[in-house]
Amino acid sequence: MADNVFIAFQTSDESRAIVEAILADNPGTTVDEQPAMVRVIRPGSLTIRRETVEEHMGRDFDLQELQLYLITLTGNIDETDDAFTLAWHN
Amino acid sequence: MDMPTTTKKKLGIKEKYALMTRGLDWETTYQPMDKVFPYAKFEGIKIHDWDKWEDPFRLTMDAYWKYQAEKERKLYAILDAFNQNNGHLGITDARYVNTLKLFLNGISPLEYMAHRGFAHVGRQFPGVGPRVACQMQSLDEMRHAQTQIHSMSNYNRYYNGFHSFPEMLQKVWYMSVPRSFFDDAYTSGPFEFMVAIGFSFEYVLTNLLFVPFVSGAAYNGDMGAMTFGFSAQSDEARHMTLGLECIRFMLEQDPDNIPIVQKWIDKWTWRGIRVLTLVAMMMDYMLPKKVMSWKEAWEIYFEENATALFNDLARYGIKMPDCAKQALIDKEHISHQAWATFYQYSAVSNFHGWLPSSEEMDWLSAKYPDTFDQYYRPRFEHWAKEAAEGRRFYNTTLPQLCQVCQIPMIFTEPTDPTQICYRESEFEGDKYHFCSDHCKNIFDDEPEKYVQAWLPVQQIYQGNCFMPDADPTKPDFNPIEEVLRYYNLQNGRDNMDYVGSEDEANFRAWRQTSTQN
Amino acid sequence: MQLDLRTVTVKPLRQTFTHVARRIGGDKPASRYQEGIYDLQATINFHYRPLWAPEYEIFDASRTAIVMADWYKLLDPRQFYYGSYTLARARMQEAAEADFALVEDRDLAAAIPPAVRELALRLYVPLRHLEWGGNTNCMFMAAYGFGTAFTSPALYHAMDHLGMAQYLTRVGLTLGNEAALDEAKAAWIEGAEWQGLRKYVEDCFVLSDWFELFIAHAVVLDGLLFPLFYGEIDTRLAGMGAGAVVTMLTRFEAEWFGESSRWTNAVVKLAAAESEANKARIEGWIAQYLPLARAAVEGPAGIIFGAETAGVVDQLVEQFSARLAKLGITVSAKG
Amino acid sequence: MPVKAIKDYPLRVADSVDKFHGNIMLFVGWDQHLMFCAPFAWALPPAMRFGDLIEGIFPASFGAHPDFALIDWSKVEWLKSGKPWAPDVNKSLAENGLGHKDCLRFRTPGLCGIKGSGS
């Protein structure tokens, strides 16, 4: 099985919407809730899509805004205007 | 020149960033490039094309200012509220505050060093992409140093042990562990610095400090620490990515770089692991309410993470460092070994020591079923009995230190947890001692560097850790008191047992005033 | 048990850190600037010498000829720590963004006569490289300077130069297109009018005394260049039909120079006031660099001012000398 | 391997013997007694009698351990740099061949720490 990538956020309204968007777009994602933070984990890769986040937030969302809620992540990053992807290349 | 100003296509983030950043630099001709960038080649790393650098996060300065200012607004609003509402009285127990003392004294000044180190590398790399990334990291690290100081400033007003953190980092015995780690990285060449900090400090160290430990701070009611911790780590996500990108870039530029990078990864993984000993003890012994054990945190944030990472790097021929095997064994031991050390040397430390309660020992037994009861419980129970009979054990003889990691030689043989691990090398007629094969290897590779180590024990015995007015020839000269005076450590307030301390008494009294008139 | 912690009045044991109290004259409440700056840089008991500079300690006051008994005298009058710095820049960024958006949405660039627009591109876009040079030089000061009081504003200065290089890139993209960037780079590398500036900046890249570098770039060069471009040239272009458009697109730079000069002025004044030797050293550097900087800015100034150039630049030098006189520095043309 | 520096790198030994005012540093650890978290370090005159180290210095450093009073010093096994070694208690440190930053360990057969845990 592919190695896991993960991304963790501080708990907040915004990050709840981001996590929901991740779950909608990435089947097989698991959620690990810790005090004041939430970590989402998925084998191989994980993509945050701008449009899906916007649907869950009900407003425009610039992916660079992730900076505000993010705590940590693993994997290689590829960022465009529409998607933010974490992946291991193996 | 034809300049249509209308119907411009909207630029994507990658194109926009490329235009905004790439191409700003140029090949100098009035001065030779080797003179402009004098440190780029001596480490032996070969770079053929700096433009092959992939920018991991594409933040232009305007976006940087916008998002970082937003983070700062949130952070200081929470801090102000926490301070105004006496948030420090809402923590689980004032023992917890001792983790913050370690943090402010031992970690925050390293953030400052990271800022200076990245300023240096951000000046010296000949490529514009990595330079801009390093410069932003330099600025972020200043943020971390200052937000940590500002967060803990309020604790300094009410608790002991915080009051002289920059001085203590430069003087107090155990502080030479984190400090020498950073001095080592800073004095290395710019590429090694990137592996040391971008990989070891960010990927190995801060992830374990700022994620599970800070989550623990939140669990213990410290919204201040939680806020600066998580907020800092959001920058670290960028930094880890930069470190990995730098490693990948070196590996892709020239096959000759691979063995050099491997050697640095081996060295710095181990340097980072040794410094983490302090964090291990913070998690297992110093958080009154515990989120997860050190061992569990290590498994999630190092083992799982590092395995994935090294699988990813395998295509370049990079292997998991050998020291990871020893770390796999050590995760069962280091928190106990470290806490036992600080307990016995707490007369000369700037935070308090205490023994785990019987409930805490049961928790440790459950988390460490293969080691705690067999090797460590007897030690703590013996000390508890001694203390109860009025013989609280304070060790007053100075310990032997490892020449490289500078931790007292407390670590045991990987094959025998009852045997201290001794390693030795000779260089230019002098003997040098190490806690492990890995520290010895680091020394043997660059002995000229590590013979310079400012080892606190050696310095005390040379007479270099007294104030200028101290007179060792006087009959009533008390060397320990004089060393504490040099440390600016307030004897009887900053040090010794938590039980009976001013911190304990004040916390209890202040909490009581909140329930009575 | 529910605690009402807000009602508790507890008397603090101390107001601030010991090292801060020592500097502000006793244990009293200290500002975030003071707590975030004082004594952060290590000064003793270093472990190893740099492999890249074994002649120095990690931080070493002997990296400059300037001597201060206390390097924390060089305080920043803006009292910037990271938080106040980013908030100040975020406000400026917001204003700049609004200006760029207005110019782009209304296509105000189209209203400028093409020749004037081309002139603006010729003048401003090559400066993005000069700003990158400013970034390089200020990073040197941030890295090798002594004392956080100086090095942290030097870092802000460096990042500001990067920001301005990026704003000037946007000026190129707003008034022109990507080709404007290529043409500007070609001009910077080969155009005769830019070579004086490029040489000046490259010569700065190899200086080893960080305070000398501070004088050469941040005080002398920027001291002529910003008033030239964001004052004289801007006014002239406005009169030629650019209206307020160029002014709007370079507002950040103009505002920045006004604000950041408070810092550069303070450093010069405080360092010179420390000793006659410092003052003589600073005056010597200014006498050495001012003629070079003057000749360097005459290149691009000539693009727009032609025969009037010498007069315009004379006036800038005069203003600069008056500014320095207020700081206790006498400017003489030859050193 | 020599260090890879940009130019000649000075050799600056921070704890060479000339800096100890005539003393030498000596390290001693007691195997299987990890209650003392690490071996101890002292700066001692090389003319000091080895027996004085045991009788005059050890009690203050190792005496807190309940096993210490039970040690039969004639049966103690010594190691120097990890190899078996036999001191002459009546000779000086120097005469015993001890130099700056030598590292000794001693073992006390039958005494294995608190409750035999190696502590």
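Each chain carries a letter (A, B, C and D) given by its place in the written order, and its residues are counted from 1.
Just so it is clear, a contact is a pair of C-beta atoms (placed from the backbone, for glycine too) under 8 Å apart; a residue touches a chain by one contact, two chains touch by 3 or more.
All figures in this text were calculated on a predicted structure; none of them were measured in a lab.
Think of each touching pair as a link: the shortest run of links from subunit B to subunit D has 1 of them.
When C-beta pairs in contact are tallied for every pair of chains, the largest tally goes to B-C.
Inter-chain spacing, taken between the CA centroids of subunit A and subunit D, is 55 Å.
Subunit A and subunit C have Cα centroids lying 38 Å from one another.
Centre-to-centre separation of subunit A and subunit B, using mean CA positions: 27 Å.
Centre-to-centre separation between subunit B and subunit C, using Cα means, comes to 33 Å. Residues of subunit C in contact with two or more other chains: 49, 51-52. Residue positions 3-6, 9, 12 of subunit D each touch two or more of the other chains. Looking at which chains touch one another, you get A-B, B-C, B-D, C-D. Within the complex, the subunit C residues that touch subunit D are 49, 51-54.
Residues 3-5, 8, 10, 34-37, 64-65, 67-77, 79-81, 88-90 of subunit A are the ones touching subunit B in the complex.
Per the touch definition, subunit D reaches subunit B in the complex via residues 1-6, 9, 11-17, 19-21, 23, 25, 27, 29, 31-32, 34-43, 60-61, 64, 81-82, 99-103, 105, 112-115, 117-119. Residues 3-10, 12 of subunit D are the ones touching subunit C in the complex.
Residue ranges on subunit B touching subunit A, taken from their complex, read 12-14, 56-59, 63, 67, 70-71, 74, 207, 210-212, 215-216, 218-219, 226, 230, 233-234, 236-238, 240-241, 244, 291, 304-305, 307-309, 311-312, 314-315.
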